[in-house]
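Look at the two complexes coming up: chain A is in both, with chain B in one and chain C in the other.
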Partner chain A sequence: MNELLLGLADDELLIGWRDSEWTGIAPVLEEDVAFSSIAQNEIGHARAVYELLTDDADALAFDRPLDEYRCAPLVELRLLDWARTIARRWLYEVADEIRIAALMEDADARVAGLAAKIDREEAYHRMHAEMWRERLAGVPQFQAAVEELWPYALGVLPPPHREAFAARTGRAQVDAIERDMHTGELAELWNEMTLVRRSEPAGAQW
Partner chain B sequence: MVTAEQVWDAFAEIPDPEIPVVSLVELGVIRSVDVSDGRVRVELTPTFLGCPALEAMKRALVQSVAALGAAADVQVISDDSWSTDKITPAGREKLRAAGFAPPAPREASAPKLVQLQAKAFRCPYCNSTKTSLENIFGPTPCRSLRYCESCRQPFEQFKTI
Partner chain C sequence: MIWEIFRRERKGQPFEHAGSIAAPDAAFAESWAREQYGRRGESAALWLVPRDAIHIVDDWADEFELKYRRVDGYSIKARLKEARERAAARAR
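Right, the complex of A and B next:
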């Protein structure tokens, strides 16, 4: 299994799941719509990447034990706070752009083709994140949230990409929180995400 | 024996599950139809990867081919080969008439916020270019929300992708 692609798919699945937690409760209606739509896109990207890796995307997404997920700790965090949520969205989108740009040059045409498709969609997420970053740039809670989440954000990218990431965000490199560990917040999310599959091993029907 | 032309004609009758004013052929999501040995091989490109209508589209294609007395093998191609430029001129006009502003042409680089805030977007109701971006995101992944300052009508703008 390609660990880089599995990590990408797991990141997209989890951030989609976390972003969808704003559905119905975002501070303004426009953001309720935006976060729901972004979440739907991210989970769609996860599915497409899982499909590159396996014939059964649902099984790969939901039938693994917790310690086999390869997501970055950044996307595991439950952030019921707008400044932290926006800080994560912005940092994640900058990191994701760097990672997707590299995959667009991949020798495997299927990977490069999918990365190009994902990049077109992510352009809208980047605009949204950048718009909010500008709006909150002078707000102390946002600055503190970026500071707090920066070591987590660095862990999204493999070390060779981190210098570019630091340059793009105007920050210094620090010790990254790597994807070889999980935060305590993944367990609850895993329970929720895999509940249907574990309850209905033969496959749920609607 | 079913022909590719018959299959294309049948597909031209299948409405998009979310915007039924246009057919799947007008939306440009059917990349190819290949008929050999009585088997119909169809390549389908998603609009957005997370589009929930994709499964419904696949089912509709299979049923449509079954109605012609053949079996279909629908393959989803998840690369960058579909863009909103593939929507046919007839499809664009049907979208506009239904109140969905058709997408602006794709450019070489990915879209930027400054482009979405440009006055180049036309209101599908009164044709004014005095429109403003209300929300990059709309009721489905493929649409944004804009507002026409001339006729004061909110409208949905197909995202360029």
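Right, the complex of A and C next:
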């Protein structure tokens, strides 16, 4: 299994899941709709990438034991705090842009094609993240959140891409929180995410 | 700041008022309108107009009831019927 693609799909699934936790409680109604829609798009990207890797995207997404998830710790965190949520969205989108741009050059035409498709949708996510970043740039809670999440964000990308990431965000490279470990917050999320499928006998139709 | 959102369903069709959005600036209005009025593929294009930019006309004086100037002022049904009959007679 392509670990890079699996990591990408897991990241998209998890950030979609985490961001959807704002549905109904986002700071303004319009943002509630937009944020939920973006979260849904991310889960759609996850599905498309899982489908490149397997015939049964649901099984790959939900039937794995916890330690087989390849997501970056950044997307595991439960952040019901708007400044931290936006800091993560922004950092994630910048990292994702670098990662997707590299995949658009992939030798496998299916991968390159899917990456281009994802990128066209991500353009609006980036626009959304960037406008919020501009809005909150001067707010101390946001600056602290970016500071706190930066080592996590670096862990989204493999080392060769990190310099570009640091340059894009105007930050210095630090020790990254790598993908090879999971935060304590993943276990609870995994439990919630896989509950329905685990409660049904194998082969159930949805 | 309130933005009035106009939506065009398909190319060539008129823009119709879809609703309004409270957003601090054009970037927020665009981002939110895209998701609110476009995520289901229901719009080919949107117009985002600050409510303050709209010049509203909603008062009409018609003190002398000049009904003949209104679209529903008088019926042409009878005259149309007559004209049709005349044309039919001529064709015969």
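Note that the second predicted complex is superposed on the first by the 200 of 206 C-alpha atoms of A that agree within 3 Å, B and C clash if a C-alpha of one lies under 4 Å from a C-alpha of the other, contacts with A are read in each partner's own complex, and residues count from 1 in each chain.
In this text, a contact is a pair of C-beta atoms (placed from the backbone, for glycine too) under 8 Å apart; a residue touches a chain by one contact, two chains touch by 3 or more.
Since the model is a prediction, treat every value here as computed from it, not as a measurement.
S.K.: Determine, for the superposed arrangement built on chain A, whether chain B and chain C clash or fit.
M.R.: Clash: chain B and chain C overlap once superposed on chain A.
S.K.: Considering only the touch criterion stated at the top, classify A:E93 as touching first (chain B), second (chain C), both, or neither.
M.R.: Touch partners of A:E93: none, neither chain B nor chain C.
S.K.: Once the structures are superposed on A, label A:L114 by its partner contacts, choosing first (chain B), second (chain C), both or neither.
M.R.: first
S.K.: Once the shared chain is lined up, is A:V33 touching chain B (first), chain C (second), both, or neither of them?
M.R.: both
S.K.: Quick check for you: in the superposed arrangement, does A:A123 touch first (chain B), second (chain C), both or neither?
M.R.: Only chain B is touched by A:A123; chain C is not.
S.K.: Touching A:D10, do we find chain B (first), chain C (second), both, or neither?
M.R.: A:D10 sits against neither chain B nor chain C.
S.K.: Which partner does A:D19 reach: the first (chain B), the second (chain C), both, or neither?
M.R.: In the superposition, A:D19 touches no partner, neither chain B nor chain C.
S.K.: So, does A:E76 touch the first partner chain B, the second partner chain C, both, or neither?
M.R.: Neither partner.
S.K.: On chain A, which partner touches more residues: chain B or chain C?
M.R.: Comparing chain B with chain C, the partner touching more chain A residues is B.
S.K.: Identify the partner contact of A:R47: answer first if only chain B is touched, second if only chain C is, both if each is, neither if none is.
M.R.: The answer is first: A:R47 touches chain B but not chain C.
S.K.: What residues on chain A does chain C touch that chain B touches too?
M.R.: In chain A, positions 30, 33-34, 37-38, 124, 127-128, 131 sit in both the chain B and chain C interfaces.
S.K.: For a test of understanding, state which residues of chain A touch chain B in their complex under the given definition.
M.R.: For chain A paired with chain B, touching residues are 30, 33-34, 36-38, 40-45, 47-48, 51, 110, 113-114, 116-124, 127-128, 130-131.
S.K.: Please output the residues of chain A touching chain C within their complex, sorted ascending.
M.R.: 28, 30-31, 33-34, 37-38, 124, 127-128, 131, 134-135
S.K.: Can you name the residues of chain C that touch chain A in the complex?
M.R.: Residues 21-24, 27-28, 30-32, 34-36, 39 of chain C touch chain A in their complex.
S.K.: In their complex, what parts of chain B are in touch with chain A?
M.R.: So the residues of chain B touching chain A come out as 46, 48-52, 78-81, 83, 110-113, 116, 134-141, 145, 159, 161.
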